[in-house]
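In the two complexes that follow, subunit A is the common piece, with subunit B as its partner first and subunit C second.
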Partner chain A sequence: MNGIGYKVKKGILYALLILLGVTCLLPFLLMMVNATRSGAEIVTSFTLIPSTHIKENWDTITGYFNLFKGMWNSVKVAVPATLLSIYFSALTAYGLAMYKFKGNKAIFMTILIFMMIPGQLGLIGFYNLCAKLHLINSYIPLIIPAIASPGTVFFLKQYVESVLPPSLIEAARIDGAGELYSFHRIVIPIMSPGLATMGIMGFIGNWNNYLLPMIILNKNDKFTLPVMMASLNASTDITANQGAIYLAVAISVIPILLVFAFFSKYIISSISAGAVKE
Partner chain B sequence: MNWKKAVSVLLVSAMALSMTACGDSETGDTTGSNSDGNSVAEGTEASGSDAASVDTSDADLVVWTLTDDLKQFAAKYEEETGKHVEVVVTEPENYPTKVQTAIQAGETEPDVFVGEPQMLQDFYDIGAFADLDALGAQDYADQIVDYVWEVGQDADGIQRAISYQITPAGIYYRRDIAQEVFGTEDPEEIGKLFADYDTILQTAQTLKDAGYRIFASDAEINYFSGDSAWVIDGVLNVDQGRLDYMDLCVDLYQQDLTAYASQWATPWYQAMAGEVPILSADTQGGTDDMNIWQGDSQEGIDAFNEQAAAYSEGTTEVFAFGLPSWGVLTLRDHVGETSGKWGVCAGPSYGFGGGTFIGISANSEKQDEAWEFVKFCTLNEDTANWWIEASEGDTVSLIPVLEAHKDDANEVYGGQHLYSFWLEQAEGIDYSKVTRYDKQIGDYWGEAISAIKTGEASKEDAINEFYDKVESTFPDITVNR
Partner chain C sequence: MGKKKKGLKSYDNMGYLFVLPFVIVFLIFSVYPVLRTLYLSFTDVKLVGAQTAHWVWFDNYKRVFTDKYFYKALWNTVKIWGVNIVLQLGVAFLLMMVFSDVKYKMKGLGIFRVIYYLPNLIAATSVAFLYKTLLDWRYGTFNQIIFQIYKLFGKSYNPIDWLGTGQYAGGTIAVIQTWMWFGNSFIMLMAGVQGISKDYFEAAAIDGAGRWTVFGKITLPLIRPILMYVAITSLIGGLQLFDLPYLMVAPSSASYKSVETLVMYLYKFGFRTGTTQISYASAIAYAIFLIILVVSLIQLKLFNRKED
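And now, the complex of A and B:
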């Protein structure tokens, strides 16, 4: 009796979870199907059966811009920005968590406050600053500011406090390791699951960042992928490019998947590592 | 381990999709951008390939735009003059922000940029456009259709921008249905059926009795509703015409006279090609609301059958669409087998929608060069003739060219002479009735109408809410309730 009840419960649970899974994946499938359909087909009917227009959609995309150039531009922005962001955030978080000094709390509070200011507010001022510094059409304003990312610092500070026993650092000091040496050789490996998480978030954020590159970059050959893809919307009868847009989005998601596949190894392996220890 | 990874990759892809999708959902924004799918694919392939190969840093001119029409113009200009023009296309939603930030920061690029009527006032206010009169624009004043010329002038009457196209609105109707129901397909005669709001309602009823629907959506006469200005001397003006328009929309909806599609939505496009299922106000969401969960009781089955019957009442065909002249291209791409059976006639009043206006940046260091380009795009008869070909039927703004093409027959529209028709419509437009607030106030009015027709709010409440919205959005407008 008990067994049957358990099975029923489990069945319901599975059914619910499968339903949720399908709900999550359906838009993804729809995107891939729509990538093969023409704009006119997309606006006039709804189906999950792929059509035959993928070649035309691809031609439309290449007629507008060079997708791979855009991808490369996005890589040039997103990779350095992500790496800088996680490295310097880890450094800051470690410093705030492990060293006792005057103003430690005040600095942390300041960072917290900055976390709450929406970035778009300063957009025009930021543009004017870049214009004065002659940084329009350059990737520097998109990469360098990533060094200061309050949200990442906040997350990593909590994280490093929970995973790093201070005695480990003390031991390293006794053995004669310098502060930076112990940061690089001991702290970073221990923090790597946190860094991977923040890295994925940061990469997705940078990869999909649209507003700032759209304002800062004025040259077709400098545009990042989202800015290029938006230009498909910029034109014609609104229905004409729908298929091409879906195709472009489908392709642009690939790098994000690759990054996730790469970083997820660290996340999963260390989640289980933590489980055994505690 | 492996399947775990696979699942997580899929999950992240779903997440990533939702993130990217935000930026790419169809904007449904019916800008005046009006070149067409086919010619774009062809046109940009040509211009796209050389744009990729040319180093853009040595461009003679930099053009910013929100439609890709200008790409074709630029390619043509390069071909004729050998000058290199770099065209940067930004999507319409963020285009005004981008232009305003750049111009206000004193950037010397772009040299040339475009605007649509609703953006132009803001551009004039920040002094973004150079004075075209100083470059000699007034010499051409009588060659361009009047209203277009006036849209390009700032408050002081100085010419700031010129458009290569006109966008007067007309009613697109099915000739075969007209013949069957009204015994004529002559645009003059059909125009009389749309002469005013009362007549439209009658026409709608006649069509319904004959098994057709007059419009796909109830927003088709929106372009013709601007017979008075929304704001006069800083005071909000809601005249009888607006209220009549409201009543008409509500009646069309509540008396079951349209096909209940939303403009620019899937069924709306479907209606262009012929038969569509009859939706009623209750089932317009498709079968979503149908009672399929009580299948075990007789009562439930009856209810289901009743609803299914209502839903599958049959199909109908839609008689007319109200769109500006660029609708010629929209319809052509979607009419399918009804091609050749369409006609265009005048609506209850004159109106227009959209249009791309080209001007020169006040900061440009190459104003003379830029003026050559603007003249090439807007004031050159050869270009206009070429554009009519290249765009496959866009309506240009140069009067001599429109007159030269007045006998061109358009086969999609039963061989009608569209250019003379559009010129006539454009000449009737009174631009003094257009204000900078039109877009936003018009949208609010539309929201009020929707609320009333679906019974969400009483007429009084909806209009009061409309007043509240206008007051809070534009504090400088006086609202007399």
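And now, the complex of A and C:
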């Protein structure tokens, strides 16, 4: 039933899928190759064979800025923001899912509404507030607001309702466990796969965030990685040497590629879950 | 903490304790800024804390809706978004068709999904510099590759300035945006297909339904809600386009006027030194919000009507 024509067509489909895959990966490959080539080499011709100028390119970069400092600054923002976000979102999600207090519904509706509001709507007011509180050039405005992440709360509320049997909490109450004790010892472990998913996505989002840190931070030594990368625009030394730009970009994407290598399953499943839930 | 056994009512009130941190931070850092922006949009404040505010009613809004540069920014955003959404959803949709085809039964979804998603992970700042360098019109690797291909066929290639000319810059950014996002749309659509009960497909196979019938009568109607979700989220994201054009095209470039998006226009009045007018920027923010709201509602209506 499946003749030669079927096999050829299937072969063509695979070839097209692979071609699309190459389109996704080629820019990264060119980036890595070009990171090892000198500016002069890149300008004259294109090749996929690495060269030997990675050290010079590195020197050009370090002469202009300290990428590892930027990375460390990004860690200092992204890690606490992610941890606060998943802990307090879990707390809020559990509170909304398990306790029928007055105002519960109103809070949940507000969360839904704010999920649909575009982020830049409050941008001016946010900056205004930070200026008044003397929080410009501080990491606080980039970290503390993570405690209230409507999207994460929404996802985790659905999640906790589907994985946690209320009888478990009732049994713990009969045994005399306090509510917070139950939350930390029973709820958090049961929710951990959902928390991991949200944590990884949150970390990537925080790590890559550009607009907000750019507005809040204006001292070079405070710059997170994306803001630091953006300052490349201002440097004529670096823009004169394309090899250095490629190397800087390559170094800036390494951490996120590592995260992806380890957690791609979680990431893909969280996007899928997000689509099916809505 | 209450260790003694209590009635259900008092347990329910413990909920306040759980949501309290969220509510406090939410009020300060989400609700207040949005309301503060609304308030500012009705005043004449130019710089933060520089002068006392005067209430000017709808003056800023009148100005936004008669500002031809605002409309230009809106048009630029819509143009880039339009090209982007057609390509992005088109590619994702075709991929979804290929991988859900009952005749060919393509394998390797797991690995293809990962590869197609990869560009989405990279910070827009890194993507911007990667492409800006690759697309450099004199020395960029991209034009060198095209040059080599042309040479192979014995033709000469006059390098195109992909980001520097108004004619190409918007389209180029739309294609890069597509490169970043089609994998994400594809994963969501595929999640919808995988959520369809296998029973439908088995029943169709028993009835001898062809692959196009299966696609048209089962797959397509059942993933419509997800298609709508993907379309609306892409719309909201697309109208907020900022990072790529902001970083890839300098204000001094000839193509800047054709890639300045709505949020770049907002940024110009909100934060750029020299042009700061925060009351006007606030009105722009609310105007963008209104536009997104209206378009989302129209989209919702259109999708719902098709379902009847």
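FYI, the second predicted complex is superposed on the first by the 208 of 278 C-alpha atoms of A that agree within 3 Å, B and C clash if a C-alpha of one lies under 4 Å from a C-alpha of the other, contacts with A are read in each partner's own complex, and residues count from 1 in each chain.
What we mean here is this: a contact is a pair of C-beta atoms (placed from the backbone, for glycine too) under 8 Å apart; a residue touches a chain by one contact, two chains touch by 3 or more.
All figures in this text were calculated on a predicted structure; none of them were measured in a lab.
Once the two complexes are laid over each other on the shared chain, residue contacts for A:17 go to subunit C alone; subunit B is not touched. In the superposition on chain A, no contact is made by A:191 with either subunit B or subunit C. In the superposed model, A:226 lies in contact with both subunit B and subunit C. Residue contacts after overlaying the shared chain place A:66 against subunit B, while subunit C stays out of touching range. Looking at the shared chain after the overlay, A:215 reaches both subunit B and subunit C.
In the superposed pair of complexes, A:142 makes contact with neither subunit B nor subunit C. Of the two partner chains, neither subunit B nor subunit C is touched by A:81.
Contacts of A:94 after superposition on the shared chain: subunit C is touched, whereas subunit B is not.
With both structures placed on the common chain, the touch criterion links A:118 to subunit C but leaves subunit B unconnected.
One of subunit B and subunit C touches more residues of subunit A, and that partner is C.
In the superposition on chain A, the residues of subunit A contacting both subunit B and subunit C are 24-25, 27-28, 31, 43, 45-46, 123-124, 127-128, 131, 204, 208, 210-211, 215, 226, 229-230, 232-233, 242, 245, 249, 252-253, 256-257, 260, 264, 268.
Against subunit A, the residues of subunit C that register as touching in their complex are 1-5, 11-19, 21-23, 25-26, 28-30, 32-40, 48-49, 91, 95, 98, 103-104, 106, 108, 112-119, 121-126, 128-131, 133-134, 136, 138-139, 141, 144-145, 148, 179, 183-184, 187-192, 194-195, 225-226, 229-230, 236, 239-240, 242-243, 247, 250, 263, 266, 270-271, 278, 281-282, 285-286, 288-289, 292, 296. The touching residues of subunit A, counted against subunit B in their complex, run 24-25, 27-28, 31, 39-40, 43-46, 56, 59-60, 62-66, 69, 123-124, 127-128, 131, 136, 200, 204, 208, 210-211, 214-215, 218-221, 226, 229-242, 245, 249, 252-253, 256-257, 260-261, 264, 268.
Against subunit C, the residues of subunit A that register as touching in their complex are 6, 9-10, 13-14, 17, 20-21, 23-25, 27-28, 30-31, 34, 42-43, 45-46, 88-89, 91-92, 94-96, 98-101, 104, 107, 110, 114, 116-129, 131-132, 141, 144-145, 147-148, 150, 153, 173-174, 176, 178-181, 183, 204, 207-208, 210-211, 215, 225-227, 229-230, 232-233, 242, 245-246, 248-249, 252-253, 256-257, 259-260, 264, 267-268, 271-276, 278.
Contacts from subunit B toward subunit A in the complex involve residues 1, 4-5, 8-21, 23-24, 26-30, 33-37, 40-41, 44-45, 48, 51-52, 56-57, 62, 64-69, 86-95, 97-98, 101-102, 104-107, 109-110, 264-266, 269-270, 273, 329-330, 333-334.
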